[in-house]
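Lettered A, B, C and D in written order, each chain numbered from 1.
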Amino acid sequence: MSASLLSVRDLMVKVHLDGGVRTLIDHVSLDLAKGETLGLVGESGSGKSLLCRSLVRLLPSSLITIEGGTILLEGRDLTAASDAEMLEVRGGEIGMIFQNPTSHLDPVMRIGDQISEGIRYHQGLTAKEARAAAIEILTQIGFPDPVRQYDSYPHEFSGGMRQRAMIGVALSCNPKILIADEPTTALDVTIQAQILKLLLDIRDKRGLSIILITHDLGIVAQTCDRIAVMRNGKLLEQGPKRTILSRPQDPYTINLINSHPSMPDEIAAAVPETVLPVSSVKPLLEIDDLHVRFKAGGSLFKSSIKTVSAVSGVSLQVMPGETIGIVGESGSGKSTLARAVLGLTPISSGHVSFEGIDLAQQRSAGLAKLRRETAMVFQDPYNALNPRLTIGQMLAEVLKVQGKVPAAAIPERIGELLDLVGLEREFVNRKPRSMSGGQCQRAGIARALAVDPKLIIADECVAALDVTIQAQIIAIFRELTAKMNLTLMFIAHDLAIVRNLCERVVVMYHGEIVEEGRSEEVFARPKHPYTTALIAAIPDIDPDKPLLSSASLEDELQSMPAVPVKRMP
Amino acid sequence: MSVEALAPSAAAWRHFLGRRLTLVIGAGMLLFFLLLAIAAPLVAPYDPILQNADVRLQSPSFAHLFGTDNFGRDILSRVIWGARIDLQIAVIGVIFPFLIGTTVGTIAGFFGGIVDAVFMRLVDIILAFPFLVLMLSIIAILGPGLGSFYIAMALVGWVSYARLIRAQMLVLKGSDYAVAAVSLGFSRPRIMFRHLLPNAIAGSIVFSMSDATLVLLSGAAVSYLGLGVQPPLAEWGVMVAEGQSFITTAWWITLFPGLSIVCLAFGFSMLGDALGELLGVHE
Amino acid sequence: MHRYKFILARPLQFLPVIFGISVITFILVRLIPGDPARNILGTRATPTALANIRAQYGLDQPMWLQYFYFLKNLANGEMGKSILYKIDVFPLIATRIEPTIALVLTSVTLSILIAVPMSAIAARNAGRAPDHAVRVISTFGIGFPPFWLGLMLIILFSVELGVLPVSGYGTTLGDKLSHLILPAMTVALSLSTVLTRSLRSAMIESLKSDVATAARARGMPESIVFWRHVLPNSLVPTINLLAVNIGWLIGGTVVVESVFALPGMGQLLVRAIFSRDYMVVQGVAMTFACATVLVNFIADIVTVAVDPRVKL
Amino acid sequence: AGVLTIGRREDSTTFDPIKTAQNIDNWVFSNVYDVLIRVDKTGTKLEPGLAESWTVSDDGLTYVFKIRDAKFSDGSPLTAEDAAFSLLRIRDDAGSLWSDSYKVIDTAVATDPHTLTIKLKNPSAPFLSTLALPNASVISKAGIESMGADAYAEKPIASGAFVVDEWRRGDRIILKKNPNFWQADRVKLDGVEWISVPDDNTRMLNVQAGQLDAAIFVPFSRVEELKKDAGLNVLIDPSTREDHLLINHAHGDLGKKEVRQALDLAIDKKAIVDAVTFGQGAVANSYIPKGALFYYADNLKRPYDPEKAKKLLANAGVSNLTLNYLIRAGDEVDEQTAVLVQQQLAKAGITANLQKVDPSQEWDMTVAGDYDISVNYWTNDILDPDQKTTFVLGHDSNNNYMTNYKNDAVKELVAKARLELDPKKREQMYIDLQKTAKDDVNWIDLYYSPYINVARKNIDNFYQNPLGRFFLEDTVKN
């Protein structure tokens, strides 16, 4: 690139811990040109966030220090700048958008004030002028009613709107460079597409340079000019998007690209239909007109107690040995359905029967059977494991309570389970805190398998993981279902993963099943417009398939509420 | 991520001190008092209740490092023996509220609904109930002395713990690992006590350290009202209260037991801070 | 404004609490051994005199009947007659309530005035000398028994320096304030340390929080980050702590009241307990309870006002 | 001139004289109300009060009082009618705590506005003394009837040196000079404020800092220090207070006279006087306080002799005597005495287990006989020894002051002494009583102690008589 706006040379960042010194960023050099979008990818913990925080010298702890290298912003070395100068650089020159808007927006300050705060400070405007400017920004980032929404608090917004507000705050100081740290990870695909589009629009309008951090190569393919790949604090390779995507050099990059879910997967196509749903086989699980409603709000003086229908009128049959995917946006009722099926959430009406036993009629017998023959893998790998127990203790407890394995054989069985999910045996003595997300997720799967279940419900168990690990976990499931004749209900809001793994897909929307069918069929010929939108919003790794291309999809999105997740009372 | 085997840098060293120093000071202080209490018969120079009319109200000297009181009793010896009683007050005065509060909080938080509502109203009542009325009534009913004091503390003190634990339980019982435990067919007591409680209890442990100080001070307040331990036992709060008559003439009678309370309180609060950091709890 | 709707609903929840307290106090004071009649008669008690007094105050009636009369009186806005003072309990409490309220308010104000800057200094220098200094001072504040601290303050400010009155309560506002400074300081020295500890850790947490990082990332100087973002976000847990402590304080001012001879309710209560003046103990306990409930209610309102997310 | 501010422990409870039996009230009454007959400064003689003079019939049943020209604070005249009303009220009113002491009155009539005639049911030597009790103060009949007893008890119409100007409950009583007082020219002060300062230290510091003119209830331990303060006068006035160790004769070996004598021998009263009262007290040898009417100075003083005590115990066949020693919580002096006595008894081989209980309960337990030994004290209300003697030795309703002491000869003598009108004979009877009581060890006399007050140097004539009356009408603030 010709005129480099930002130029990083040999940046070294180290952390000083009790045990010694660890290098977190290792001789990283980068350039960012004006108007350019740089995609920074890499697995979790590779140092992407740290690198960007080093640019504005906002390191997360006093133990982490920049130990070498230069950061030149328009020729000025930021590593040598004074603290006062940095105040100008932050916000004024380099704006930040954070991954998690919920925790980065001040919950007790009005959205508008958070935007105008920066304006007043950096541009020295009066309160009134700043308010006007902030409302202007709110308009730009797509708030339908900026004057009113100026006075809203973050918690009154949906996730998507919060992320927009976060962008607004970053824009408030009119920076030259915008750093967006995984701005869409927490959002579902449709919203993700909107946010990405907004970022690109703003870039074009304002001539901004953007550093976009993500672990999703698809997003990078759709939005960036250049790509930089990081791993273990080192920059593996960087270059123009097409070069990297088509001719990756580093084995890690190659692996990353290959495991992207939007890649058509040969194995998936080759999965033989192991169990044909023959009419003589009785369904393992039957769900009939299931309704789950939650009370929302309501108090002594409020006459109408509102309820939220999380699941409304779902009917489904699951055959033994089947692998079924349940997809749908956030809040569409997938988790609630799973929990209701397993008797973890009270059912409002309808029936669930497991192997012919109706849960409503024979509650204790049904629950006892469920507990022994089904298991669930949870969405959040860290929170689903008791932080105080080692993996060994955890598995031993399950085996002991379930009582299917004689006490003497428990240690042996634990070993087998770990082997099965691909964890080394030494993990017996580890606690969740000392394990990576992927490792925790495997431990969670091992726990589910310890029950020796007929049915496993996996609730978005890969959403929080990066693609390489996602791929590994999916491989484990595929292997397990093949080997052990497991029935699997796989919940996700990401269609691409489901397409790879499942024979049958169920699409949920607002608590109802809107579409159901064999995977290839649904993906090839979606019937419901929502399914179409979902499929279209998957960022494809092929840069030539543009994001949100079809005009009809835009209309579709417009007709839907921005975020149907939270229906506040 | 190369780990450079270096001598700990200045920053890391400072960090270590900042974090462990509180632990060392706190635990060290408590250990000191504990040893003092255990070894009281060995280290105390005099019999703590022995009166000696010849040396009444003497200011600190080599014979009596902390001076003597109006009966000629050696203050140093009384302070040393007092450590026994005051440590006991701090420990027992905290342990029972802790146990009761933890149990109630766990049950209320876990079961919710009517159980919770009943317990929480009870908590409201006790919180709104003037502590002193309860304390004085119980002491009056059971007679002054440590037993009544402990009972009064237990009756009142548990609410803080119950509230802390309940709040934690409410959060934890919705957590994925609690739901996971249910889905695995674990029994309720197992889920409550093996899975949730250990994760909920850290805050209470830290709180119990500052609570120990409050208990000591409540004891001193009770002594001020004349309802402290039975004479002639040496207890710091009582010593301060008794020494009040001499506050302008014989300052040493109140100062040394007073300082002892402060030091013990300091030890507890340091240990509390250290535990808070170790257990990752923020008050 | 429906976030504030709980203001309407809450008073209903108070009723069982107040009722519970009335039952407990009623039973508790009567469980205490000791006879109010014998108590006021002292050494000269004769059987007829004892019987006379018991009859006058209905103490010879069965317990349930006494409780019934107590409730009946309460419904009429009365709390019975003091055995010791021979006047109605309500007016008696009315004459004693002001100093206690004034003491609590001054102490709390003073505590906040001490706690906020102290915790700010500590939090912004976490782990360094000023932080340690604040911590040590805090422990001293909480470790010394208040009656001892109070006396030391009197000796220093009133006897040695002669700048403040030794004890008592004035008649004019300025006079009252000058009488309240020392007792309030005695309370504040310990209360503020509790607040400081809580605020300090909330602030440290908050200084490290994403909110603060985000504010720094848009170039806000540390002072704005602190006062506009960190402080407001640290307040909520402290408000609740303060409420619990005020409740505790309301019921526990007796020591300070008696050291500083403040004619408040704490002293009234202790004398009533010691002389088994049942009606007064009940009356004061109920008053304290209502005040505590009210304080918590106010804390809830403040919490809702400070943190827009909170719904009650 | 000027207003005298006096610090005391507690605030008054009422101004209705018949409804209280507490010193804290009575001591204020003396200067607000006036009585028919007063006790003089020495506490040993009666002198005219509102009754200018009186005559007693030969049979000792009829008393005729001449009431002087006096006015109530509202300016209305004080008549014999008011006096009669007051005496009948203390005898008959349901709220009166004193009715039993005045049951001896048969009739009280105002024969004319200046003449009060009282007929007794039987002769009574101490009767005149009881008229000096502040609780028998003369109240305004018209006043109490128009105001109602409750309002009157708040702000009475009285005839003493001062009138109640304001009562700030819990804080202070503000008295101002009563211009209608019959001795108004004797009163130098413009007013008096009784201020309640419960904490002993604070009360003393107030006087030291000059914020109070005087304070009462000076702890023994502070006397020496206050004496050193050049700005202060420490006032030590004789009182009728006697501290004694109650013995429950009904409990086991304590019924044996030798055992009680052994106890008396085992207690070193001098040591108590030194350590507890800091030398302010005097060792007691009789239940009648030193300086009081009929006090027998030569009564037996058992010297401290633990060895002899041991022997006595052995002779009585008592070993390992273990006693339950009841202490009043919150009373510093009581606790200190207990600690000391415990150690002394131990030297005689007697174990005392201290049991500290709340004062009100302690009182109940003593009355119920639920103790072995316990320290208590008595201060006389009237100068005649009959009241105390009846309570302590007369087999009155309280089992001889909770001791369960039984001696029928003593009982008879007490009754006789009450009726004896010849002072000489009476004195001999009381001497006999004192001797017998000592020999029987009805209780153990410990020490007499004075009233200790402190006043700033500019205050003159601030004193109490042995019955506790302050003579504020004579006090001067310079």
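Keep in mind that, in the parts below, a residue touches a chain if its C-beta (ideal position, glycine included) is under 8 Å from a C-beta of that chain, and two chains touch if they have at least 3 such contacts.
These numbers come from a predicted model, not from an experiment.
J.: Mind listing the chains that sit against chain A and also against chain D?
T.: B, C
J.: Most remote chain relative to chain A, going by C-alpha centroids?
T.: D
J.: Count the C-beta pairs in contact for A-B and for B-C, then report the pair with the higher count.
T.: Of A-B and B-C, it is B-C that has more C-beta pairs in contact.
J.: Where the CA atoms of chain B average out and where those of chain D average out, how many Å apart are those spots?
T.: Centre separation, chain B to chain D: 45 Å.
J.: Chain B to chain C: how many Å between their CA centres?
T.: So the centre of chain B lies 22 Å away from the centre of chain C.
J.: Could you state the distance in Å from the CA-based centre of chain A to that of chain C?
T.: From the centre of chain A to the centre of chain C is 49 Å.
J.: Got the chain C residues that touch at least 2 other chains?
T.: Within chain C, the residues that touch at least two other chains are 32-34, 147, 151, 155.
J.: Of all the residues in chain D, which ones touch at least 2 other chains?
T.: 201, 205, 330, 358, 360-361 - these are the residues of chain D that touch more than one other chain.
J.: At least two other chains touched by the same residue of chain B: list those residues.
T.: 15, 140, 225, 244, 247-248 - these are the residues of chain B that touch more than one other chain.
J.: Can you identify all of the chain pairs that touch?
T.: Result for touching pairs of chains: A-B, A-C, B-C, B-D, C-D.
J.: So in the complex, the part of chain B that touches chain D is made up of which residues?
T.: 49, 51, 53, 56, 70-71, 139-140, 143-145, 225-227, 230-232, 242, 244-249
J.: Name, in rising order, each residue of chain C that touches chain B in their complex.
T.: Against chain B, chain C makes touches at 13, 16-18, 20-21, 24-25, 28-29, 31-34, 127, 135-136, 138-140, 142-148, 151, 155, 190, 194, 197-198, 201-202, 204-205, 244, 247-248, 250-252, 254-255, 266, 269-270, 273, 281, 284-285, 288-290, 292-293, 296.
J.: Could you pull out which chain D residues touch chain B in their complex?
T.: 200-201, 205, 219, 221-222, 224-225, 271, 274-275, 327, 329-332, 335-336, 338-340, 342-343, 354-358, 360-361
J.: Mind listing the chain B positions that touch chain A in their complex?
T.: So the residues of chain B in touch with chain A come to 1-6, 8-9, 11-12, 15-16, 175-177, 179-187, 190, 194-195, 198-199.
J.: How about chain A: which of its residues touch chain C in the complex?
T.: 56, 58, 60, 87-92, 95-96, 98, 100, 103-109, 117-118, 121-122, 153, 155-156, 166, 169-170, 172-173, 299-302
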